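Two complexes follow with subunit A in common, the first pairing it with subunit B and the second with subunit C.
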Partner chain A sequence: MIFASFTALASHWSRNRLQFLALLLGLALATGLWSGVQAINAEARASYDAAAATLGEGQYDQLVTETGDRFAQSTYIALRRAGWQVSPVLEGELRTDQGLVQILGLDALTTPGGLAPVGMDGETDLLEFLTQGVLFANSETALRLDGQVTLAIVVDDNIAPGIAVTDIGAAQRLLDADNQLSRLIVARAQPFGLPSIASVAPDLVRQPAQDAGADRLTDSFHLNLTAFGFLSFAVGIFIVHGTVSLAFEQRRGMVRTLRAVGVPLRTLIGVLIAELVAFALIAGLLGIALGYVMASVLLPNVAATLQGLYGAQVAGSLQLRPEWWLSGMAIAFLGTGLAAAAALWKIAHMPLLESARPRAWAVASGQTAYRLGLAASVLLSIAVAIAIWGQGLVMGFGLLACLLLGAALALPVLLRGAVQLVERHSKSVMWQWFWADTKQQVPGLSLALMALLLATAANVGVSTMVSSFRVTFVDFLDQRLAPELYIRAQDEVQAQALETYLIANAREVLPSLSVETDIAGIPSDLFGVRVGPTYRENWLFLDQSGDVWSDVAAGRAVVVSEQLARRAGLWVDDPVTVAPGIVLPIGAVVADYGNPRGQAVMSETLFKQSFPDIQPMQFGVRSDDPAALSLALREDLGLSDAAIIDQAAIKSFSLDVFERTFTITGALNVLTLAVAAFAILMSLLTLAAMRIPQLAPVWALGLTRRRLGQLEMFRAVVLAFLTTVFAIPLGLLLAWVLLSYVNVEAFGWKLPMYIFPGHYAVLSMFAILAAVLAALWPAWNLAKTPPSLLLKVFANDR
Partner chain B sequence: MIVRLFCALLFLASPLSAQGFAGLGTDAEGFSVPAEGFDFDFPTDHGPHPDYRIEWWYLTANLQADDGTAYGVQWTLFRSALAPETIEGWQDPQIWFAHAAVTSEDTHLTAERIARGGIGQAGAQARPFSAWIDDWTMAGPSFDAMRLTARGAQFAYDLNLMAKGPLVFHGQNGYSVKSDQGQASYYYSQPFFEVAGTLSLPNGDVDVTGSAWLDREWSSQPLAEDQSGWDWFSLSFDSGDKLMGFLLRDRDGDAFSSATWIEPDGTTTAFENGAFAAQPVTLTEVAGREVPTTWAVQLPAKGIDVEVSALNPMAWMGVSIPYWEGPVTVSGSYSGVGYLEMTGYE
Partner chain C sequence: MVLSIQNVTKSFPGADEPVPVLRGIDLALASGETLALTGESGSGKSTLLHLVGGLDSVDGGTIKVDGKDLAQMDDAARAAMRRSDVGVVFQQFNLIPSLTVAANISFQARLSGVVDEARIAELTEALGLTPHIAKFPEALSGGQQQRVAIARTMAAKPKLILADEPTGNLDEATASDVLDQMLGLVADTGAALMIVTHSQIVAARMDRQVHLRQGRLA
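Here is the complex of A and B:
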């Protein structure tokens, strides 16, 4: 009996292959986009974990200098002779012909366990490792090093990308940093009764074990990706819901018959669930394969973006990790379950002797639309409430969800209202029929149109946000990267010589004095600047009071970054303690995009008073002929190429990175729109069969099939146009929420919103085009319907 | 984990040919080899000999607190060479590691340190004498008056050593043979230290006095390929005499023995293979191994027929290459105290 009912129910699919395809593809696409995004995120996360394990930042306390510069090896020996169990680390960049490689030097004998899982197999000669040096790197990095160094290279794919691990002596020789160390790792277990670190090594500060800073920065990027994944999945689920509901709706007669014949309800429900499970399994596997392909294509771009933007190293090749394919399968099952739950429930509670007539769209009555409208208004009022009183990131996403869902649910009501408006004003009979028919179509197409609404709104919203960011960022870069050259000195002696030389030969010299400290309880960088024309002319403030730069130069005020101000709950004119004994009012708040740390800027003289030991090692230089100055510096002072950085190069590099980020966003945008278009196509196709009885009378009255096809196309254009009209304000609202609410809660800085009407017009065109393309096939089908089919409507007894 | 791997690799010139306990039986390729008729030159020979592969400064002490509690203290600094030379800086092929322990009847606390040579973190020098690693030191204006310090997670000690007798040379004037095949080391001791100082233990500081025995030994292949470990005894009898004896066990169950009888004035008598005998009496399960913690020791030529028993049978050194080391009491034809070291029990 079970098998018989299964085959009976499943036979529906062989008669409705299109529905079958729609269901499978819809679920597969949704799962694919979700798993693809998760795969990228998982790969990135694995790389960060490897980096953290290699660099040990998350596991052990570290000893570093205040300024982050290197220090003498003798400090390490002194701490060791005092009994402290610390281990030396040297880090630096090695320039090769094929790019930069991070060199990490460790002392394998003293490194705490769990660090740098370097596979010392029997073939590695210990003597060679300790005395000459052997480099361990993953295959990608090993290729970059090939032929560039005299040391042997051993490939170990457990090592984080972009890093080569070696003995500290070898690292010192490679990086030309004799007797210098970058930091010391403090072992967890220390003997008792030791003298304090400060008494043995007063220049070092202890940094508690924490997650690598890159984590916080890259969070925003991964959050974006995940949000997209969710969105695509939601759109996909709309397709699935529509198709599953339709399939269940069409099989109601069959179900009634089966039950009348004697199949127990439980068996039927079981069989239906089994069918759904089979779908979810197949579609899930298909989706995962799709996701893998998508992720492999996008991953190199993502890796390049993350490296350029945050300095985070992510492997460029994809690995099959259970995290993402398991979650993909789970989501496929979850999605199917969600989509089918309502329909299953209805089947379970259907009275046995209910009429088997295909219900003439009970949904067609305005009632359902109004009910949805009611639900929408509830959700939107919740959204408003959160916007006014809500705090925190979770609330922010709740706001987004309520907003989007509410708008989606409101769409049928709005469309119905708009169509009704036009209907009242239409004169000719055909047009009256057309608008009435459209009104009746709306519920059937509503899910697909909701998908289109969400996709378009997401497009508008995200592209507004991204473009606003781009415009703001370019301005920001221009402001901050005003100096034409950045020069780094190797040591204090060179720094002095450099400063003297530059003052004589450049228009303006800006020494970089900074120290890492805590301001108002927030980890921040405190800068001492030489106030001059550069700062006065270039810096733009979010808010200011008085003549800011004169006040700062006189030591009467400080400038703080937006993040610091918002997180500490301070604003212009509030006093802030920037250094021991120095309390100054905030003269201005400046934007500092993307920086998780706070920033405070005071005058150079005041800085030197508080931190007399800190010497500037980096200088920004204003010059009218940077190329000539750069050449002169290399010849006269013997500076290496690496010590001089050209501002134009940094700017173009940063912008390059942004373009790449936007490429990924753009790609995902297009994909989501494609999914929505697919939803429309499927809805139209599946409804096409239903439409015959409704179109037959009109055809009989004289409207040609061709005309009917044209009207179908026109209907698609009208509905899509109306949807995009609603989508654009929704998208702008979305952008506003993202920029002013979510961003502030997540990162502490607000982005100004810029509007790009031209862009939205283009986007609407694309959305309408997508709808038209989707409607093309059904319309053509309709135009080619054999007259006999239409006649049959009158012949059959209904 | 890395330390373990490194320690295992430390003794190996090439990993595939590790032989004997801790690879000490591997061939001495490239390194200097001890020869008969060596003239010791002090204080230079108190310092390191980088052209030999393995060397140690090995101090064991039998101490008592004011309330009569017996303690044993160990301080050992090892030098292991990957190449027969020494270079300034990280490229130095010398590796230094050390063990320290404090043992009483019911406690046994250990600590381990490891360091690279060439950078100042560890080392030894002859004049003025100093041997150190991290904050563990054995140093003084001369070899006869030194200060000994060490620190672990749960203990520390600070002891003063005063030599009350001359240096003592084992084997043939310091050339100590280890097997029939002729592997040997240079081996001398200072067994006449008088000790006074403080032990810092979990329960508080304890003032102690007693005696200490320092072994100095260096070689490049101290064991034969088939020797799996040794049992080493240093016994100080109440009569003022002292006895150093060791058994080098091979895989067949035979042993090569050697002993030195030391008179109170420092006169030595060397005994070749076969004269010194020792048999395990009681076995204790320690760290998953069956280790003899009571021995019957005989040296008929000197009328020695004693039972040597561990003060704390659980004196297992749980370091990278583990072994047993702890203070012992002697009873029988002679009575006294001493130290026992047993390696190679699997």
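Here is the complex of A and C:
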């Protein structure tokens, strides 16, 4: 019985292959977009974790030479003998036939806990590691090393990509660097009364541990990517919901017959669920494959973006990580369940004797429109309430969900209203029929149009977000990297000579004075700045009062970062204690993206009065000819290359990285619009069969098939245009929620929002183009419908 | 008795209060017997047929099919009864549009697990459907579709056949032809037949006729 029922239900698909394809592809595309984005996120996160665990970068202070060159092992021995808890590291590149591999030599006995090769947790013989040498690498790197080295290779996928970890001695042999080291890791806990590093190892300088700023910025990037993936999934679910509902609706008659001939309801529901599970499984696997391909194509750009923006190392190739393909399958099942739940409920509660009704008419009923409008009003009201009173990240996502769902549900009502308005003003009988007919088609196309609305809104939202991010970041770079050169002095004597030299040879000299302190109870850095044209021209404030820089220069005000202001509950004009005995009003609040520590900026003079022992060791330099000045500094003062940083080059590189970010966003935009176009195509094709009885009388009354085809095409364009008109404000609202609400709740800082009308015009054109392409085939089919098919509508025996 | 109906009542919800449709029906049907149920539109004919088929449930009274009380059965048991003991032929044919004629004919027999290929072939031939077995229902005329529905019911060898206006959608000549074939098949198998009809011509060909008026047997 179960098999016979299954065969009967499944036979529907063999007669409706297009619908079958729409269902599978809709779900596969939805899963693909979600799992693709998740794959990129999972890969990037795994890479950070591996890098942190393997290299320990950012966790510990490091001792390196000024120039970054290797140094003698005897320096390390001298420091150890002096009591310093340091551990040696040797890094270098090994050329293999398959490309370069970075060799990382560690001393397993002195490396701080958590940094040793992860695989050395019991299975590997420590003696073998120390005496014969073992290379730890992830599977991809291990393949590259296979046959290239004589050492044993242990595969450990927790090792960062492109890196092989080994004992320091083995590394020295491999890299042909006997008795040489690259850096020393400084343990956090050190004995008291140690001699200074400068006295024991004068060639080495101490680099402080990095703060968590990069983590927070990358988290922001991932959160936004995840939001985009989720939106894309929502678009896909609208397609699946549409196709599943239609398929169930079309099979209502069959379901009634099956029950009438003796198939129990429970069996029927069970068979339908089994069918859905099969769909979810096939489409889920297909979607994961699609996501994998998408992520593989996009990952190199994402990797370059993350590396360039935040210095985060990400592998350029993708691994099949269980967490993302499992989440892909889960989302495929969840999506199918969500899409089919209502349809299954209807079948379970459908009176056995109720006759089947075409879906279009059911949805078209005024009652449905009223219910949709009511649900939309409730959801949008909740969204407004959250925007006003809600707090927290969960509320932020609640706001997003209510806003998007509410807007999607309101769309049919808005479209009907707009079409009705045009209908009232149309004079000719043909156009009156056309608008009345269009109004009648809205319910049938509403799910596809909702998908287009969400896709376009997501694109507008994400484009606004990324572009705002770019504008803000460029401003931020202009502000922070305004000096063409940044120069570090080795000691105070050199610093004084350098300042004198620079004042004589540069346009403007900006000494960097800073001290770590607590301001309003928040761990912060206090800066003393020499106020000049650079600060006045380049610093943009989130909020300010009066002539900020004149007040700062005169010691009458202080500039604080947004993080400090928000966490301390302070804002412009509030007084704040910045140093012992110095209370100044806040003159301005400045953005300091990604830095978890607070920042306050006061005048150089006031700073020197408060902290007379602190001398500037670093200088920002404005110069009309930075290359010549850089050369002169090397020649006249003997500065090393490492001491002079060309900030213009860094800025140019960062801007280049943003172009890559745009490539990713552009690709995701095209994909979501393609999904929406697919939704429209499928809706039009599935509705095409229902259209014949509606169009046949109009054809019989004298409208040619060609004209009918043209009108069908025009209808798609009109509806897509109206949908796009509604999508733009929705997208801007979406961007506002992401930038001003979610980002603040998640990271404590707000990204300013900029409007880009040119982008939206292009996106609207793309959305309409997608609708035109989707409508082309059904319109062509209609124009070529054989008269015999239209005549059948009037046949008595049907 | 294949069918025993005692004091059955049924109402449907109305605007203000429930509208009684059946007001205490008593009826019995033996194996091999044919019965025509006639009456005005809205007299409760189809409702009684649906109650007997277990497609709906009674408000009061009892209906026993082959000695089993329908009121004591859950949905699954009533479905099992429809698979094996009762066959229903509808005015709207209710074929499965995505299955071929051959698959439609054998469908109920496959559900009840009593597939008799020889019997199916015999029925197909007797009803003149052999040239159409590979076609889908949409390619058949109304008369042919009703023959497929009859073949589907007969192939499952039910003890009781319920037919709701089986010739209502057919022209006179086709209706007569279909009825001849149905009665011939019923006679061959010894099943009982209860047919709901408006047509006096159809009713006259049954062993017995009962008339429903305002929910009561006249």
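Going forward, the second predicted complex is superposed on the first by the 586 of 798 C-alpha atoms of A that agree within 3 Å, B and C clash if a C-alpha of one lies under 4 Å from a C-alpha of the other, contacts with A are read in each partner's own complex, and residues count from 1 in each chain.
Note that a residue touches a chain if its C-beta (ideal position, glycine included) is under 8 Å from a C-beta of that chain, and two chains touch if they have at least 3 such contacts.
Computed from a prediction, not measured in an experiment: that's the story for all the values here.
Counted by residues of subunit A touched, the larger count belongs to B, out of subunit B and subunit C. When the shared chain is aligned, subunit C comes close enough to touch A:Ser14, but subunit B does not. Contact with neither subunit B nor subunit C is seen for A:Ala247 once the two complexes are overlaid on the shared chain. In the superposed pair of complexes, A:Leu447 makes contact with neither subunit B nor subunit C. In the superposition on chain A, A:Ala260 contacts subunit C only, with no contact to subunit B. Overlap of the subunit B and subunit C contact sets on subunit A: empty, with no shared residue. Touching subunit A in their complex are the following residues of subunit C: 50, 53, 55-56, 75-76, 79-84, 88, 90, 94-99, 103, 107-108, 110-113, 136, 141-142, 152. Put simply, subunit A touches subunit B in their complex at residues 73-74, 76-77, 80-83, 85, 107-111, 113-116, 118, 120, 122, 125-127, 130-132, 167-170, 172, 189-194. Contact residues on subunit B toward subunit A in their complex (touch as defined above): 1-3, 5-6, 9-10, 12-16, 82-83, 87, 89-93, 95, 111, 114-116, 119-121, 132, 134-135, 151-154, 156, 200. Residue ranges of subunit A in contact with subunit C, taken from their complex: 1, 4-5, 7-8, 11-12, 14-16, 253-254, 256-267, 352-353, 797.
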